[in-house]
Amino acid sequence: MEDIVVRAVSRLIVPFIQLYGLYVIFHGHLSPGGGFAGGAIVASSMILYGISFNLEAGSRKLSHDLSSLLESGGALWYLLVGLIGILLGSNFLANKIAGVPLGTPGQLLSSGIIFLLAMGIGAKVASTMVTLFYSLSGGEDSDGNRT
Amino acid sequence: MEIVLKLLNNYYYFVAMVLFVIGFHTMLTHSNLIKKIIGMNIMDTSIFLFFVAIGYVRGGRAPIIQEGAGYQYINPLPSALILTGIVVAVSVTAYALSLISKLYAHYGTVDADEIALIRAREER
Amino acid sequence: MLVAALDFLLLSFLIVCAIAVARIRDLISAVIIFAAYSLVMAIIWQMLGASDVAITEAALGAGVTTFLFIATISKTKRTE
Amino acid sequence: METVIYNFLPIWAVMFPIFMSVIILITSRRSEKLRNGLSVATAVVTFLSIAAMYPVIMSGKVIVFTLFDILPGLGITVRVDILSFCLAAISSFIWMLVSVYSIDYMSHEHGGNRYFPIFIFTLGSTLGIFMAGDFFTLFIFFELMSLISYVLVIHEETREALRAGYKYLIMTIIGGLALFFAIILTFELAGTVSLSEGTLITVPSTLAFLAFIAFLIGFGMKAGMFPLHVWLPDAHPVAPSPASALLSGIMLKTGAYGLLRVIFHVFNVSVIKEARWDLLLGVIAVITILLGSAVAITQFDLKRRLAYSSIGQMGYIILGMALLNEKALVGDVFHIFSHAIMKSTLFLAAGAIIWKTGLRNINDLHGIGKKMPVTMGAFTLAALAMIGIPPLNGFLSKWTLSLGALDAGAPVYVVVLLVSSLLNGLYYLPIIIAAFFGGEEHGEGVKIKVSEASYKMIIPVAILGIGCLMFGLMPNNIAFELSLKAASFLFNHAMP
Amino acid sequence: MAIHVPVLLIVILLGASYSVPLLDRYRKNLAFPLTIASLSAVFVFSLYLIFLVGRKGPFFYHLGGWPPPWGIELSVDFLAVYMLMVLSSIGLLVMIYGAKDLRHELKKEVLSWYYTLYLLLIGSMMGIALTNDLFNMFVFIEISAIASCGIISIKEDRRCLEASIKYLILSVLGSGCVLLAVAMIYMVTGNLNFVYIAAELPAALALYPFNILIALSLFIVGLGVKSALFPLHVWLPDAHSSAPSPSSAVLSGLVIKIYAFALIKLLFRVFPPQIYAAVPVLDIILFLSVLAVLVGSIFAMVQDDIKRMLAYSSIAQIGYVFMGIGLFGDRALSGGLLHIFNHAMMKSMLFMAAGLIIYATGIRRIKDLKGIGVRMPWTMGAFTVGALSMVGIPGTSGFISKWYLALGALDLGRPFYVAIILLSSLLNGIYYFPIVIDAFFGTKVEPRSEHRDVPALMLVPVLILAAGVVIFGFFPGPLLNLIEKAMTR
């Protein structure tokens, strides 16, 4: 797809999509959406970039090393945050009960660990989806078939 | 007549079941693997529709708490379940698609019947 | 009443889409129709108050899944 | 009830050989002499430990020992009463002699390192069957013995042996499964399968009949009972001769022993009589006797003829059970003794001949008696005892059996016994006559220089041959005493 | 801290699973030790849980501190603990075996992915065993389905790929059924927690009998597909025979059992008993299990590939578990549960033994295995123990489960099923014993040139399992104790 219109539009629109994705990720506890949906939106922006320019250029933006680091790291982050509950003397993934400060309702920092969890999920989902897309479309060696 | 009325009252369930059957049927009868996966997605979304319909309260609002409002909210639990369900469905889809592209590399086709034929010929 | 009519319209659109997906032989078309199906499904969910699900379905069912399907089909055969 | 003594001795007698078989397996790589010595020593020690129970058992006591429970209420228990003692004593005695015999016999064969451990292991498991305290333990040792003796059957590893062994294995599994069915039915009906509990099933019913039939299949398979005997004539001849002697002489008796326990412990005389199951047993016994003897005539392979003869003789034992009276039972137990001695004599003698000459066909054995007088002498004694010539032990058992048949009011069985004796004569006498009085041609005029086998082989054969004579000559011998006691014990146990 | 052990089991496995690819990038040689360490830790923890539950009684764990109807609940009872023990012990042993075998069967690059998937699989199965929440169970079922397809397809030859797509599609169909059933149950009861559903269902049964029946049958079909109940078994032979040997061992040994276990949990803990009196679901299961037992064995007889034969034998053996479910008596069900463990031991041992043979000689055809016992006495010795246990010779653990199943059948006055069990044992003997006999006796074949020495590390798990089969054949007491407690409602 070497179309100038597509390139120009997507160059313009990709940052906004990404911003929206991040917004969805970070406001998961306030508005519809969350880590998963937001991660998917971020991923689709990157995929859009990859499609409209070319796949090599796209995959250079998110290297294999980084994406696999994000994939594993996101999941590990989730588990580690979950352990906070146990460390605070309550159960796994415990939030308010464990005494995590919640903040004021309606604000960005108002949900204790959910905010942190969403970050992990968002990073993992975005990187996984991108890796999957590139491996499916033959951009690189295919071993990204896990979620 | 009674049945029709019942259906009218529960049309979401009815549509969900119809979609489930279509998806199931697509999955079972089509030999094209990609078609099978699309069928799987239809089947899954139909079940999610079913779930959403269970949680729906007529006149209720989305469960987003706003200060000082005494709304009636719909049941949020099914939404949480479906979110998880969608995650699962997408990951299965992605995994299946990557398998399919590998199968294509080995067999040159994405048709289950043709692959079975090739296998049978090889083993003979 | 209007809402109910819209409901019926969207739901019948869903069924039509599903059948079309099952019957059509061109895989790319099928995937596109499936994307439309997902979007309509997202709208229905929004109408049913499950906005969380709706936004996710819109991003995934209509977005990423379609990308993945098309990426696969572009590497394999287009017709059934 | 019976006086019970708790003692470790029976467990020792079972476990010692099993344990020693491992030791023998380990040492066999180092030195052949050590292996042979250990085998004989194990057999002797086992025999002595069985014999040590003699005074206790003779005073009418029962030795019981429970090792551990496997399932709730079902464990490894050992129980020695007079019947167990009879069988354990005779089998360990014969095992001891055969172990001596095996040393020279196996020196020409391959795979002695496999043979001796298995041989000793089989001793342990066979004793386990005879001294089991409940049917569960019995079943465990029964399967153990059956599977392990498979290795003895196919020892030669010829195609023929493998085929016979496969048949043996499959039949063994079928028998084992039937036994499993029977035992589980009994357990369900009675809540226990212990031998110390008196009669287990007191009311005939469909399930009870199923259990009886399943027991009959399970134990009858091993005993070579009529429709299930098909493995026997294949499996016994292909094994090495000492193993055949044990298979025919002792291991067949495990089936007979099991049937005795079933008839007199699981059920009792009145149940069996009431349900007319004794008739079934009787018919099977008669067919087994006649069939075994008749087919034996048509066989010209020496060991095969002996194997068919075993089927006929097991028929006598089943007949003795079917008569359901004490006199017949005396004959029955005594026949177990005598057949064990006679058949092992015959197989060991045949083995000595085969070992020395390599000849198996009866027609080739002309004049062998002049060259191997001791071997053939023992053979003759045992064969005559088989036919039932008066001063020998076979006569005594047949005589008692006939008395039992008359007691039961079924003289037709006496006729069957007579006919079968005649048939026995038809197939044993020609061998003896040809061996001592025939010309000296071996088959196609081949002359083979033959002398007696080595003394390690002759002595066991001779001892057993003389045994045939002694147990017949003296009617008050120890075996007969034991049989009398065992019969009265069993019979009184079964008559509430 | 002790109270967190159940969730830690899953967290450790998932954490290790995600760390392996990271480690693989930076410290290559640490990936495998981490896998083994996490599996051993989980094994120790599940033993500890048995001890804990035995002393303090069953307890619940609320994820996130949310009590049930809202939160996800893990139920740590005897049933779950029993299954945890099965999963962790077999899982650890198979992975130890896999250390060398995988290096031989897989490409180097995918090795760490294999560990990831394997840990994910074990973790998700532990989740199925522990969870007390219907939807959570579904999620774990899906994870395990993907992971188990993954450990087949990772060996990228065409047979594996084809087998795993077949498996994936059927298993997705199955999970679709399960999900719909979950929705149905949620619809009529408004709950997802097992305890709450069980409390609601008897009342709901009067109002919505059809929904509940449909849910029940969908559960049976869905879980039946995944656990290869007879007419739904078509995916199993290909999948289990073409996969790498450790995968075969864990798939046949654990994965198909966990779904049967989930069904047991549902039928036994969730659905009200009066439903079984009203509709003949159990009889249908029973009928299918009889067919499975017989047809599986008969198909196994005609196979000439050893792993394929073992796979068909698994179909027959899962029939025993379902027979226990179908008979539904206390003793029959304990027989079924016991067979889950026993078959897990036997079948994973047999698959590993077969894998060892393939590793050492490259032979897969049964006909070519003549004389292999002389060269590989320990391997074939273990194989023999497995064969004996399959036939149900007393003194092996297979006998104990058969004994309980048969007693269970007799309890209900159905000696016919005892006869079926015996018949299938005979069939087992007919196809297992010739292999053993040919291996040890009879014609000796020339040793082939490509003979490779078997490392002790691979042999040890096989021997441990063989010893386990014998030990639990003589001393099943502790197991029976555990199962007896699990059977009390």
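List of remarks:
Read from first to last, the chains carry the letters A, B, C, D and E; within each, the first residue is number 1.
The rule is simple: a contact is a pair of C-beta atoms (placed from the backbone, for glycine too) under 8 Å apart; a residue touches a chain by one contact, two chains touch by 3 or more.
Just so we're clear, the structure is a prediction, and the values are computed from it rather than from any experiment.
Without subunit E, contacts among the remaining chains split them into A, B, C | D.
Number of steps on the shortest path from subunit C to subunit E, with steps defined by chain touch: 2.
Contact analysis places B-C first among chain pairs (by count of C-beta pairs in contact). Taking the CA centroid of subunit C as reference, the farthest chain centroid is that of D. Of all chains present, the one whose mean CA position sits nearest the global mean of protein CA atoms is E. Centroid distances built from C-alpha atoms place D farthest away from subunit A. With each centre defined as the average position of its C-alpha atoms, the distance from subunit B to subunit E rounds to 28 Å.
Separation between the centroids of subunit A and subunit B, computed from CA atoms only, is 24 Å. Mean C-alpha positions place subunit B and subunit D at a centre distance of 70 Å. Distance between subunit D and subunit E, defined via averaged C-alpha coordinates, is recorded as 45 Å.
Subunit E has residues 146, 150 in contact with two or more other chains.
Residue positions of subunit B touching 2 or more other chains: 23, 62, 64, 78, 83, 86, 90-91, 94-95, 97-102.
Every pair of chains in contact is given here: A-B, A-C, A-E, B-C, B-E, D-E.
For subunit D in complex with subunit E, the touching residues are 68-72, 136, 139-140, 143-144, 147, 154, 157, 162, 165-166, 169-170, 173-174, 176-178, 180-181, 184-185, 187-188, 207, 210. Residues 20, 23-24, 27-28, 33, 36, 40, 43-44, 47, 50-51, 54, 77-78, 81, 84-85, 88, 91-92, 95-96, 99-100, 102-103, 106-107, 112, 115-116, 119 of subunit B are the ones touching subunit E in the complex.
Against subunit C, the residues of subunit B that register as touching in their complex are 11-12, 15, 18-19, 22-23, 25-26, 30, 32, 34-35, 37-39, 41-42, 45, 48-49, 52-53, 55-57, 60-64, 73-74, 78-80, 82-83, 86, 90, 93-94, 97-98, 100-101, 104, 109-111. Of all the residues in subunit E, the ones that touch subunit A in their complex are 4, 7-8, 11, 14-15, 18-19, 21-22, 25, 61-66, 109-110, 113, 116-117, 120, 146, 150. Only residues 65, 68-69, 71-73, 75-76, 79, 82-83, 85-86, 90-98, 141, 143, 145-147 of subunit A touch subunit E when the two sit together in their complex.
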